[in-house]
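Quick one: structure below, then a few questions.
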Amino acid sequence: MIIDHLDEPLPGSSLRPTPPGHAYTDPSIFASEQAEIFEKMWNCVLRADALPSVGHWKTVRIGREEVIVVRTRKAGVQAYFNVCAHRGMRVCTAAKGRSRTLQCGYHAWTYALEGDLVAAPNLTSMPDVDRQQYGLRRVQVREWLGYVWVCLAEEPPDFDEAVLGEVRTRFGEIESIDNYGIESLRCGKTKTYDVAANWKLIIENFMECYHCATIHPELTEVIPEFADGLASQRKNGEVHGSNFGQDVHGFTVDGSASGFGELPSIAPGQDRRYYAITVKPQVFINTVPDHVIIHRMFPVSESRTTVVCDWLFLPEVVAKAEADELDLTKSVELFHRVNRQDFEACELTQPSMSSKAYAGGGALVPSEHHIEEFHAWWYQTLGLRRDADAEDSAAAPPAPAPAA
Amino acid sequence: MIIDHLDEPLPGSSLRPTPPGHAYTDPSIFASEQAEIFEKMWNCVLRADALPSVGHWKTVRIGREEVIVVRTRKAGVQAYFNVCAHRGMRVCTAAKGRSRTLQCGYHAWTYALEGDLVAAPNLTSMPDVDRQQYGLRRVQVREWLGYVWVCLAEEPPDFDEAVLGEVRTRFGEIESIDNYGIESLRCGKTKTYDVAANWKLIIENFMECYHCATIHPELTEVIPEFADGLASQRKNGEVHGSNFGQDVHGFTVDGSASGFGELPSIAPGQDRRYYAITVKPQVFINTVPDHVIIHRMFPVSESRTTVVCDWLFLPEVVAKAEADELDLTKSVELFHRVNRQDFEACELTQPSMSSKAYAGGGALVPSEHHIEEFHAWWYQTLGLRRDADAEDSAAAPPAPAPAA
Amino acid sequence: MIIDHLDEPLPGSSLRPTPPGHAYTDPSIFASEQAEIFEKMWNCVLRADALPSVGHWKTVRIGREEVIVVRTRKAGVQAYFNVCAHRGMRVCTAAKGRSRTLQCGYHAWTYALEGDLVAAPNLTSMPDVDRQQYGLRRVQVREWLGYVWVCLAEEPPDFDEAVLGEVRTRFGEIESIDNYGIESLRCGKTKTYDVAANWKLIIENFMECYHCATIHPELTEVIPEFADGLASQRKNGEVHGSNFGQDVHGFTVDGSASGFGELPSIAPGQDRRYYAITVKPQVFINTVPDHVIIHRMFPVSESRTTVVCDWLFLPEVVAKAEADELDLTKSVELFHRVNRQDFEACELTQPSMSSKAYAGGGALVPSEHHIEEFHAWWYQTLGLRRDADAEDSAAAPPAPAPAA
């Protein structure tokens, strides 16, 4: 008999269940997540302007793979597994560089920026070697919001549906985010966080504001409604953005004015409001009137995740900051504190995931309903059943049960 | 066919077998030990006077769990899994503290010291949440010898039988240990040892004195009979304590007088004698006329164990030492050296446990007979068979065989 | 249906397949290699003159075991598992030493250098303990080329066939290597490398010179034919040594003269030539006219290998170097650079072994044919099938497939 806990509140309450603790600690579940989620879905990996000219490349981690992203002569930005077709050595052995071809440093097999094998010692005496088949193994690439998105799947999900769909779910349309002109913004600051927690704890944290009053004093000062624990994306069926407080002059650590103007094409309704969007599996987009904050997550193990956070401003704002005519610190500091507060909470939650007291999972209050939808998606994407009999099955995590 | 090696000496000798080496190295056997031994039996975790007043709490590790031990207003010392009933975060995030309630730092779910949920954001709008069911998950607590003992099992073994029973087995009655008044002693010194060895090697080491002549020069100077390798607890059916040497004036590193008097109510036969008791699975009690030494073991992995050793004296002795009117160093130094000597031997034994040459286990000489009883208990508690066919079975370690 | 890829070139080319990537990353395959290769075959472990007199001993690692190698009074060099027959403690707890007996430091069980148990506390009261059966567990020892070779197998392979056979395969006879008088050379320099790569990548690297032009500028300067990527051991059926370049005066980092004379009994054809021999599973021998370079590999994990490299010279040359009358640096530096260049390539290859893009393995060009023979030997020794259906089998790595 299958009991779907999604449709049943927990005993002794109307609270809703979470997955069992081992969903956050089991290396084999993490391996499934790498294979079925991060290595099959679209990942946002780097800012396109980090590859300014032909031949510039960077290596990035996607799932358990290392990928070369390179600006080619003929085909825009392309991406390849960083594995030589001959004996497998890393073709690019640095984090970034610029070159006319991609040459493996072991036996000098040499690839065009567009991927084909173009030279190798004694290659002329091996005329039957197919230059394309023995080229670098290609992965799919798209650009959006000024970022390069990469998908390792042989048959990638439709980008428009999978990625833009998340924005449409949030806003009903795609124009609302287009207003921010994110593709032409520039990165004013990037911070990288090494978080000792499972990636799902981080995404769940982003999906609720029930914790805001407890751990985010600066954020709730700027956006008072967060103190009520509400992070709803819809109110009475309408798209909901969170209003700045009455005396707040900017999205800064102390609510003072940022010192620079709003993004030129935002709609009137986007003024003095904060919007948050999650693009599963690894991107958070936060928009405020004068800048945009984008997080990219890179899961490292079942208990460790790298999070890279970009603060994006108008190019002229970044230029002035570089010339010391403007200070971005107050703007950056607000979400940097929020990040540290959130990630500390995640790190203090991770160790309990292996406790007997959390074996059946925890409880979600009503304002954490976005998390429940995320869990439903997670169960479905991994092909796991949520049922009371799951303890008998090695494949499925046991059904949630009350925590206490 | 089942051959019980307990009843058969090893070939080529009358020596007795030990478990096979992998009993000390296999992570899955260690996981069973955590589940079946440390998470089901009574563990001695901290000195009760470390929680002097209402609201004082400490976090301790038991098996693979972290537990809060707290002095409550209404119910004496209580203990809980350190896991919030809501989303699981560690409720207490330090090693110790004092507070009026136990509040989770993530979403401010707040628990009475007695465990019930008493407050949470928006809790009034969730009236159906059962305050007891969504309280902290309780674990069993007892106090004895001035220590807090905790048991994670839902149905704990009878404390009197399981714990006091070990003392009765040693002395025939419980009064002999009561004479030392351990519950009213004070801790004069605590040392913590991080030992790179399986916990069973440490307990086995404590159970025999065949090694004393080789590695404990100071101890055998004070108790000369240990040089003969005898650590028998009974002689001719009588309870046996080990006599101090003739010229020995105290249980100190050089045999000189300790500088302070005997414990007031010890019996005449306990004068100038050392007694040792093992309270399985993790406590060693050593009594001498003027102080008591208690070890608590906390297994960390199959090859690592934390040992905490307390030296307990009369409160007035500790007070004088704190006022620099008395020096406890000579008393503490004796067993500290014994500890270091023992743990070094265990650490040099651990690596061989994975050797092909120890695959069938080692050999026990007659004076190591207490170890043999420990092994029998270990096999039984884990539900393992000791038989010659065990190599065919994944569940049971292979039967012991000659080492050479 | 079984398809042996050894007999089939890769699609889209006449290139030959390698084993799949997980052969280099799977801990269970590595455990098989330890059990079936390193713990069953002859290992070259130390220079015999490192044990100059009776009682000198060293401990060495073979496979997953620690072994004592000792010069005995009656039986030359002998070797034992470093495991006491009583309770298993390491008998020798240092890397080297000298003693009249081998005594365990735990309970003083004492063994003759020849292995038998000769003393223990209370041993006289245990007259039935068989001194031989409770002696140290012996392992097989041979000496050749001035090295001690050890085999852990109870029934070791025939030394002449297994070890000398590799030399006969290379040279057709054994005399060619005898000419170098390696057993009477002395070690002028030893360097130890901790390489973050699977041992097979290191052996494969040694077996081809297709990489020489790319990574070994100094070596190809001294031996110009290596720049063509040829490292063939036979040419037109004849034994082939690699010739020094015309203007090269010695096998030194800059091709200048070494400053000391040739080994006295080398044959005319061995003059101005370099020969390389692999003695599977862990020895590389390189001979040049005036010295010999010998590598010993000790696999530590599936992704880590210790390599020890000795530079051997005539005793009088080493004596002069010690007296500062001669400088060996130029000779040593050449292969030290080659080592670092090779090991860096191996370390940059190891991470790709777990990539999806290398799941089917890589490709071998014709001049890498020695590697293909090594792979055939590896499959056979581990009892693995090479077939297209292997993906269905947990035991066998999947059949190689094109990399791109």
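Order of writing sets the labels: A, B and C. Residues in every chain begin at 1.
Going forward, a residue touches a chain if its C-beta (ideal position, glycine included) is under 8 Å from a C-beta of that chain, and two chains touch if they have at least 3 such contacts.
It should be emphasised that the depicted structure is a prediction, and the values quoted were computed from it without experimental measurement.
Novice: Looking at chain A with chain C, do both copies bring the same residues to the contact (over half shared) or different ones?
Specialist: different
Novice: Angle of the rotation mapping chain A onto its copy chain B, from a C-alpha fit, rounded to a multiple of 5 degrees, please.
Specialist: That pair's rotation angle lands at 120 degrees.
Novice: What whole-Å value do you get for the distance between chain A and chain C if each is reduced to the mean of its CA atoms?
Specialist: The mean C-alpha positions of chain A and chain C differ by 47 Å.
Novice: Which chain C residues touch at least two other chains?
Specialist: Nothing qualifies.
Novice: Spell out the residues on chain B that touch chain A in their complex, using ranges where they run on.
Specialist: 39, 64-66, 81-90, 93, 105-108, 121-122, 126, 128-130, 133-137, 152
Novice: Could you list, by residue number, the parts of chain C that touch chain A in their complex?
Specialist: Contact set of chain C toward chain A: 11-15, 18, 21, 204, 210-211, 213-215, 229, 345, 348-349, 351-358, 362-367, 402-404.
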